[in-house]
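Data block below; observations after.
Labels run A, B, C, D, E, F, G, H, I, J, K and L following the written order; every chain starts at residue 1.
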């Protein structure tokens, strides 16, 4: 991170398969409207339960991008 | 919350009457410019004091909505 | 709280009208199966949004009762 | 809050009726001995249970006042 | 989450293969004795080390279910 | 902790003499109804004051046991 | 705790012998100038090291008393 | 803060010279696109190290502005 | 810190120029009415924004002094 | 964990493929210079973003080992 | 603490008898390899349960020493 | 931060003049014995009071360096 100003937004991605996939889904969505995405921080890992198994993971990220 | 991506924004609502009313005021403001509002989380409850009484409540919410 | 042992359970009450009502609903449910309910601590205040307004409040409590 | 020094004290107000009323009771007590009360921050919401219902709410506040 | 009362229990699942597998193991165990499992929240991720590698993951979850 | 599933319960023990004694009292109570108690984590240390001295200590524990 | 207003003050007691003794020293000092001391909450346990041993314990308490 | 609704955004400012300068840089960037900036809260202070010295400070702020 | 009892008070100092100056202003105010000031701990750094720049810093300290 | 003394060190492992792989990389590095590695605790999960996807995961662990 | 640089290390001491004894055991171990030990901060108090009683206490300390 | 393993150490720097100077003093000391210092995170800002003024600042940092 060099001598710039960054903004952090908080995004929740979900996935039926894994925590990593939920993170990628969140980033892909951010990448549609924001440029210069730089880093992320996981702030919460949750999920929905269906039939006694994980229905989908819900991972909250703070995503930092350069302004 | 199903298999989507959500964003959380942080909003402070205020009210002279109650904590619940401050929450409703914050949501009403969000609802003007955002669609698919889904849930909120209270992160802070504060207020201003006038004449030894509550002047107004200030309630900070994270509001999640579907992208 | 005197010289006894207590247990805390974590309960989420909901209500369409107020935070206080969500707390009472959670306590009423606890009171069906537990005795000697003694105190509660609010650990989280959230809610569901319907049409840009609070659909219902969801208040998480730790409820302490004497064993 | 302008260019002054403030002190924060921590107060627990209680009420049989509501969280807002417990806050007002705490402020009323502070107002007897302190001047220039300016703002409050809720740090804890608890309560005592009587007969499976809320006996009274106990709300802890930090109250800021100008020195 | 609709207009009901929920209870949260805290469970630690373990697995030799992945964090996701530890979560599934914890849910499978809950599912033996509880009905209406609804959501989970990861509160801690730890593990045991054997021979300089992960022996098994230990993931603590709060599991919410409808009463 | 081997390759099993564990549950954590939250218990408050009290004692007039020491923090350690309050912990032992909490564990003894758990031991009446639960088996395979494995570890504990102190989450809160409080107490009641009588005549300007400690009336009794109140120590909150999370107690982990194998299912 | 009944239907009153309480104040919490933050006190650090020290002792060469034990954590419990540091708590009692803090309460004894409070008891000289305050009345109606009701409960305490330990918020920090630290100490000074002398010659590789505990020189004295320093225990920070919030002490609640009725106004 | 009067009877309005506010939004908080999270911004990271950087500076080679001081923490205060990093804060000003973050605010200057916000001021280009937002109006009614009202207050800020520092949530994180970090930095990059170059040659064993501070290369630049990175200060994360929540910035509140009136909607 | 030797074998004494200490009290902590929470103070907010403000300054137009720097965080350090806000700390000194808070200590100077404490020093008018309290003796034996010993140490401080910064618990919050905030500020007011005027014209897109820092109007003044507001730094909250816990100040410890010997009783 | 038996009747010994342990030390915890804080390590950040990274990986392009998964959170679990980043943990293994951190442990492998610790294992080069430390013996008796016993357990780990994940304290932070972050990552670098490249082209709108996870460039690599960065997982911070506390690693406990017997002295 | 005077005008020096200090390092903090994180150590877990254990004892079958008391929390204080676990702290002393941790410090004794540190004292074998480090000089100028100055202060400690308790960050976690846990323990192992054997036969429904405390098997041993495990107390995590941050130990500060002068470089 | 690229595809490496990093270690974090916790250091307390002090200075009579400013928070920034205390940070630089801590880094300079680290730089004597460690190479590849990469980033720091401020975790605590405290100080000693002399004559009602700041005697010296004490700033705790986590310093990350590449192994």
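Just a few scattered comments:
In the analysis below, a residue touches a chain if its C-beta (ideal position, glycine included) is under 8 Å from a C-beta of that chain, and two chains touch if they have at least 3 such contacts.
The structure displayed is predicted, hence computed values, not measured ones.
Contact with both chain E and chain K is made by F, J. If each chain is reduced to the centroid of its CA atoms, chain G and chain I end up 22 Å from each other. For this pair, chain E with chain J, the centres built from the Cα atoms lie 21 Å apart. The distance from the centre of chain E to the centre of chain H, each centre being the mean of the chain's C-alpha atoms, comes to 38 Å. Residues of chain C in contact with two or more other chains: 9-10, 19, 48. Those chain pairs judged to touch are A-B, A-E, A-H, A-J, B-C, B-D, B-H, C-D, C-E, C-F, D-G, D-I, E-F, E-J, F-G, F-K, G-I, G-K, H-I, H-L, I-L, J-K, J-L, K-L. On the chain I side of its complex with chain H, the touching residues are 18-19, 44-49, 52-54, 57. Every residue of chain D that touches chain G in the complex is listed here, in rising order: 9-16, 25-26, 29, 48, 56, 58, 60.
Considering their complex, residues 1-10, 62, 64, 67 of chain K touch chain L. Residue ranges of chain I in contact with chain L, taken from their complex: 19-20, 23-24, 27-28, 30-31, 37-42, 63.
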